[in-house]
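In the two complexes below, chain A is the common chain; its partner is chain B in one and chain C in the other.
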Partner chain A sequence: MFGVTALLFAALQFLSPEMRASLYIKDPRQLSAMEAVIEKYGLRKPLPVQYGIWLKEVLKGDLGYSETAKMPVERAIRAFFPATLELTLVAFLPILVLGVYLGTLSAVYKDRWLDHLTRFVAITGYSLPSFVLGLLLLMVFYGKLQLLPPGRYSLDVDLLVHSEGFRHATGLLTLDCLLNGKPAAAWDVFKHMILPGATLIYINLALLLRITRSSMLEELGKDYVRTARAKGLPGSLVVKKHALRNALIPVVTLSSLLFIGLLGGVVITETVFDYPGIGRWGVVAAQQLDIPGVLGSTLLAATLFVLANLLSDILYAVVDPRIRIG
Partner chain B sequence: MIRNFSTPRRLKNLLALLLTACVWAAAEAQIKNPDTYTYLTLSDADSMDPAWSYDTASHNVILNVYEPLFAYEGSSTEKLEPRIAEKVPSRQNGLISPDGKTYTIPIRKGVKFHDGTPLTPEDVRYSILRFMLYDRDAGPSSLLLQPLLGYPSTRDEKGTANPKAFQDAERAVRVKGNNLVLTLPAPYAPILTILASWAPAVSREWAVKNGDWDGTQAAWLKYNNPKKESSPFFERTNGTGPFKLERWERKTKEFVLVRNDSYWRTPAKLKRVIIKGINEFGTRKLMLQAGDADAITADRSVLSQVRDIPGVEIIDDLGTVQMNPVVYFTFQVNTVANPYVGSGKLDGKGIPNDFFSDVNVRKGFAYAFDYQGYIRDVNRGKGTQATGCIPKSLPGHNPKQKTYRLDLEKAREHFQKAMGGKVWETGFQFTLTFNSGNIPRETLCQILKRNVEALNPRFRIDVRPVEWPKFLDSYRASKLPIFVMGWQADYPDPHNFAFPLMHSQGDYPATQKYKNPEADRLIEAAIRETDLSKRKGLYARLQEIEHEDAPHLVVLDSVAYRAQRDWVQGWSHNPIFPDSPSGSYYYPIYKAPKPKGGAGGTGKGKG
Partner chain C sequence: MSLLGFGLISFFFAVSLAAPVIAPAPPNSRDPYLIPQDGYSPDPVLPGPRHWFGTTEQQYDLYYGMVWGARTAFRVALSVVLVSLAIGILLGGIAGFYGGWVDEVLMRFTDIILAFPDLVLAVVIVSVRGPGLDNVMLAVTAVSWPSYARLLRGEVLSVKERDFVLAARALGGSDLRLLFRHIIPNSIYPLLVVASLSMGRIVITAAALSFLGLGAPVGYADWGQLISLSRNWILGTSGNPFAYWHTVFIPGATIFLFVLGWNLLGDAVRDILDPRQR
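Take a look at the complex of A and B:
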């Protein structure tokens, strides 16, 4: 994980202190203070020294201050990550369920209308840029029909969640609203996730669907499936109990990567729908050379990746008992 | 085919469930959220500390929560009205001394901070001292340090604090009875206009209780040039203004202001103001259309997209206090490791370091630019050609000043004279830069390129976008042969344009290495002159020099527009207010059905 941050720091060798000072100097009238800013933030110190200072602070629990988030990095992660986690959970389950379900159906009904339909969905999902789909959905469902607004919640819920009595137990707002006995507010928060969620589902469904289909077709063509059918087992049992389990191994790998990809933040979707997630913050930090912000979000992404790999390994054993851990 | 598995019927049921997921009540109020005004902007704020912030997003909120001594009257950029001062000093009322160095400002009684404590003259004094002595790097403190102390910084070039700064400040800002008394080292004409935007009143008691400077000499150094987030004013406020800051939600880039019901004037009509940063224009536009936003930031290139939205009103032709764009020539280019100057010599493949120090080169470019075409095609016909560095909305602007116009014959003549004829014979090549993503500036560069290259096949100009960090680097090192930038006023006084654009120590000339001693003298005389008509005379001569020397090309005296819902009432335009015309002073604003035959706001007047 720290190797990734060391690599990032190495890449910063190519940026002069003046360029890195641009995070603090926004206007030509402030240029006279350039040297003072460079001195203050230690931007002329050798990069290994700067990295060492940063690492020392991280080990003490201080990830630095993010100029783009206007708060300490650790606080920024705690502020942005729950929103992304919530959106990921809303989008990931349908992606997984629909991807596996439709992929399986597609394989079972190969070359029939259902297969063609699912392939059409996959191609359009794969090819359509997320910002195009997102804006189209926003224009129709919000602009024209005034049904599903962008943002995190409405004005009334904004006041509620910031009121004194509201307990933020989990950081997942839908759940927190329910725990505070406010189902209408929970519905409002969920409603704001419908369009970004739908965008993410449609775009990401394609790959999972295709992988499931290919994997299922491979399994359905194997001898043990023919044997099972020959034994007179019902078709649904053959598929669900025999073929599907074996077909799921590549799906598990892809799913965990997909989950991590979503958790890392989907910047375009977050930008279009004004959704305050970690992806948008990470990109703004990168654009403005907010080094603590970039390093903090990179560290988070690296940590999630390691956890995802661990989860995949555990799930392999669940899906296929032949695989032993350790 | 396998029977009895996951029949299409189950799939149809699933699809039907998805499609019927949302059932909605269609009814909505005619005016959405009638007590709450929502403004969607691009910008992200920096800090709520009045001594720190130097950006329009922060300042827009600050001037609604805090109050300075004075404010501009309506749309005027000349007339002031008292705010926490009781009166505006003038020679007529005797509150400005005959030598122009002493200002006596009576402080209004009966004003309270949001925490209920009364405002005192001592608080006002503390606020001004704190504004000056805080003096963070690249901050606004020099705006008052220069006029009140005679120097722009409390630290020297090495960063060492000047130990006399506190005493100098203390001498300059005193309290006598109910009056604040300012003593300047020399007359400084714009001092009152500066105090109309900067150093609003903060509570000393609140500051000290929350760990900030106690106002004494013993402690000031500790608070000089501090870290932004260490200030208690960073995200909390305690002003005297018509609104209080309920919270600053940095996660969603949102400010929530609530009405101050104990305000010293009649409380505002709006109960709540929400200011939110949303980068994506499409989203801002849809929210305006849906009525979830009452006003949005939108530049001229998207006017056609907002103009015809039902329920949205456009107020156009609003004056500005900015010069944008301006094309600057660098007189002494640093050619060392410079990718923008080609060979670095006048050999047809580059330019030498003093290329633009030749007035004929600069005039060649000046006559090669299509000013009217730019206004017509890029600015959709809005705005007029600038006549000099002082915009139309400020005194000192000279509408009769001679200007350059597109004249390719004259351009050719000047290029043929340049550098004794060598420029014409050998030709040149260099790179023209603009900050990336800025389409109007890109177009400007392309116009210049096309017209100059058309004069002589040996003239070559490459146009290149430069990202802000890279721009800073190159700009500081004087590596940009020509660069295109803008200038926005800190306060509405001609000095705030004359100095940074024409004085040899100004922001741009210092980097351009441009110096005209007569221009410097005129600017220094004008700042000391408190008689407006005499000042105008000095600035008129300055703008003649500007035309003769052509150190830069001023292109556009721009006008702006505002897009708001037609139920917004009470808005008026003042171009000096931060983030105007989209951002506002929210006190007079309210939401009501549009009166028949009238607009919701007034954009007319000097602004």
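Take a look at the complex of A and C:
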């Protein structure tokens, strides 16, 4: 984590002191006093000193004011993160279930039509850029069928969500709408997630499919599987209880990385569908050189990634008892 | 399947070589990579005899853009892979060979870069350095080399313990000679597999940056940039939502086939060099 902040800080050195000063500004009124800010945070002082000052601010949770979000960075993260989390949850479960299920089937029925179909899905999904798929989906389901619009919710839901008395219990809007007794609004929010969700599923399914398939193939070729079969165990039992258990180990790592990767910002998909999450915010911030915004979203993504590695280490031990934590 | 991949890539390669013949630049053009405009009307024009693939908004000719864009795509993909491989081999080799604090420093550095999602870090780099194709290549290279370095270091660690390395050292080989003549050639195969598999990803990442408006300027023959032009037209006209289908479909299909070709080719390379997967 220390390294992550150092690298980001180093990248910033390409910018002028004036631009970097925006990192320390908490509200727009301070813009007029730019020179004072530069002075206060020692932006013309030697680098290590600057870095120390900046790190202290970050640790206080003070990440500056994001011009593009029109609010301080820590509030922007709190506003955008639940949207991304919700989308990630909607997309991740099908990816996991379909990926493991189809990957296993594909390995069991190797070189049959099901295997070929799955591999076709995998290689096309792997080769299709998300913006191409997203635009095509929008064209068909929004342009032609007028069914699934981009954005996060329709206008009336927008009003509802921002009205007095709407309680934001979880931050996940679908749940919140249900908790507030508005199933129609919940459906509306969910409808907006179908297209970006589908895009994410198709694109990311490929990776999980491939890993499951190849790991499963490797296990199925091993001696203990032959022994189990020779004992007369039914084929499905051998696959489920013996081979799959062992084949899941690389799948676990990959899926925890995938989950966090999605959380850290599904940059393109969110941009295409105009979905107000972390990824789109980060890109808009980058395009308009809103440095605090870029730093905030990037730091978040990197932090999540470090957590993901920890998580996958722990999951390892759960899936494979031979590995001990500690 | 691998034949299909090979065919696709050869096709794109032939197109990019033949670009000046099959899509000649207009005589007054300053730079053949700038797509000629046929008027300045904001509405795209459908494919027809005058423009085989139609035009985008501002009347950029899509056929011309696709043909010269193939050159851009090859230039970006190949230079990124070659430069990342070179950096990866050099740093990974040194880290694995010398070990100790050199290894520690280099590997912690790759850890840091690997801690960022690829695209996010690339976006940061390009946005700080300013948009442009060169900076896109720089950014994608910067996020690609660490995984190569990682991989090679692991291989070098195991290869350098083998007897033939000891033999070469006993014959008086210098560090440099040992590393570049004996160790790296013997540990490079997994790296080549990964590199050929990552080609497709690199093309997509570079195209994504262009799509986000961080790459080549408007009018430059670059596929990602051309598809970002199409974003305004996905809804077509009222009553006919598919009126401008070609602005999305043609560059989209082109990028897809190019990446598909690399991925199929990568699979083939892996099958040849890594027989365990068969």
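Here is the rule we use: the second predicted complex is superposed on the first by the 286 of 326 C-alpha atoms of A that agree within 3 Å, B and C clash if a C-alpha of one lies under 4 Å from a C-alpha of the other, contacts with A are read in each partner's own complex, and residues count from 1 in each chain.
Everything that follows uses one rule, which is that a residue touches a chain if its C-beta (ideal position, glycine included) is under 8 Å from a C-beta of that chain, and two chains touch if they have at least 3 such contacts.
Please read all numbers here as calculations on a predicted model, not as lab measurements.
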**Study point:** Which of chain B and chain C A:Ala302 touches, first, second, both or neither
**Key:** second
Practice item. Tell me which partner A:Leu138 touches in the superposition: chain B (first), chain C (second), both or neither. Key: both
Practice item. Would you check which partner chain A:Gly261 touches, where first means chain B only, second means chain C only, and both and neither mean what they say? Key: second
Check your understanding: Which of the two partners, first being chain B and second being chain C, lies in contact with A:Leu289: first, second, both, or neither?
Key -> both
Review point. Looking at the overlay, does A:Tyr65 come into contact with chain B only (first), chain C only (second), both, or neither?
Key: first
Practice item. Tell me which partner A:Leu93 touches in the superposition: chain B (first), chain C (second), both or neither. Key: neither
Review point. Between chain B (first) and chain C (second), which, if any, makes contact with A:Asp274: first, second, both or neither?
Key: first
Exercise for review: Considering only touches as defined above, state whether A:Leu148 meets chain B (first), chain C (second), both or neither.
Suggested key: first
Point to revise | Between chain B and chain C, more extensive residue contact with chain A | key: B
Point to revise | Which of chain B and chain C A:Ile123 touches, first, second, both or neither | key: second
Exercise for review: Return the residues of chain A at which the contacts from chain B and from chain C coincide.
Suggested key: 15, 135, 138-139, 142-143, 271-272, 289
**Study point:** In the complex with chain A, residue positions of chain B that touch it
**Key:** 1-6, 8, 11, 21-22, 24, 26, 28, 33, 36, 38, 44-47, 54-55, 137-139, 155, 157, 159, 225, 229, 246-247, 249-253, 256, 274, 278-280, 282-283, 286-287, 289-290, 292, 468-470, 472-473, 475-477, 485, 490, 500, 507-508, 511
Practice item. In the complex, go through chain A and note every residue touching chain B. Key: 15-16, 18-22, 24-37, 39-40, 65, 68-71, 79-80, 83, 101, 104-105, 108-109, 114, 135, 138-139, 142-143, 145-152, 155, 158, 162, 191, 194, 234-236, 238-240, 271-274, 276, 289
**Study point:** chain C partner contacts - residues on chain A that touch it in the complex
**Key:** 3-4, 6-8, 11-12, 14-15, 123-124, 126-132, 135-136, 138-139, 142-144, 214, 217-218, 261, 264-265, 267-268, 271-272, 279, 282-283, 286-287, 289, 294, 297-298, 301-302, 305-306
Practice item. Can you check the complex and tell me which residues of chain C touch chain A? Key: 108-109, 111-113, 115-117, 119-121, 123-129, 200, 204, 207-208, 211-214, 227, 230-231, 234-236, 241-242, 245, 248-249, 252, 255-256, 259-260, 263-264, 267, 276-277
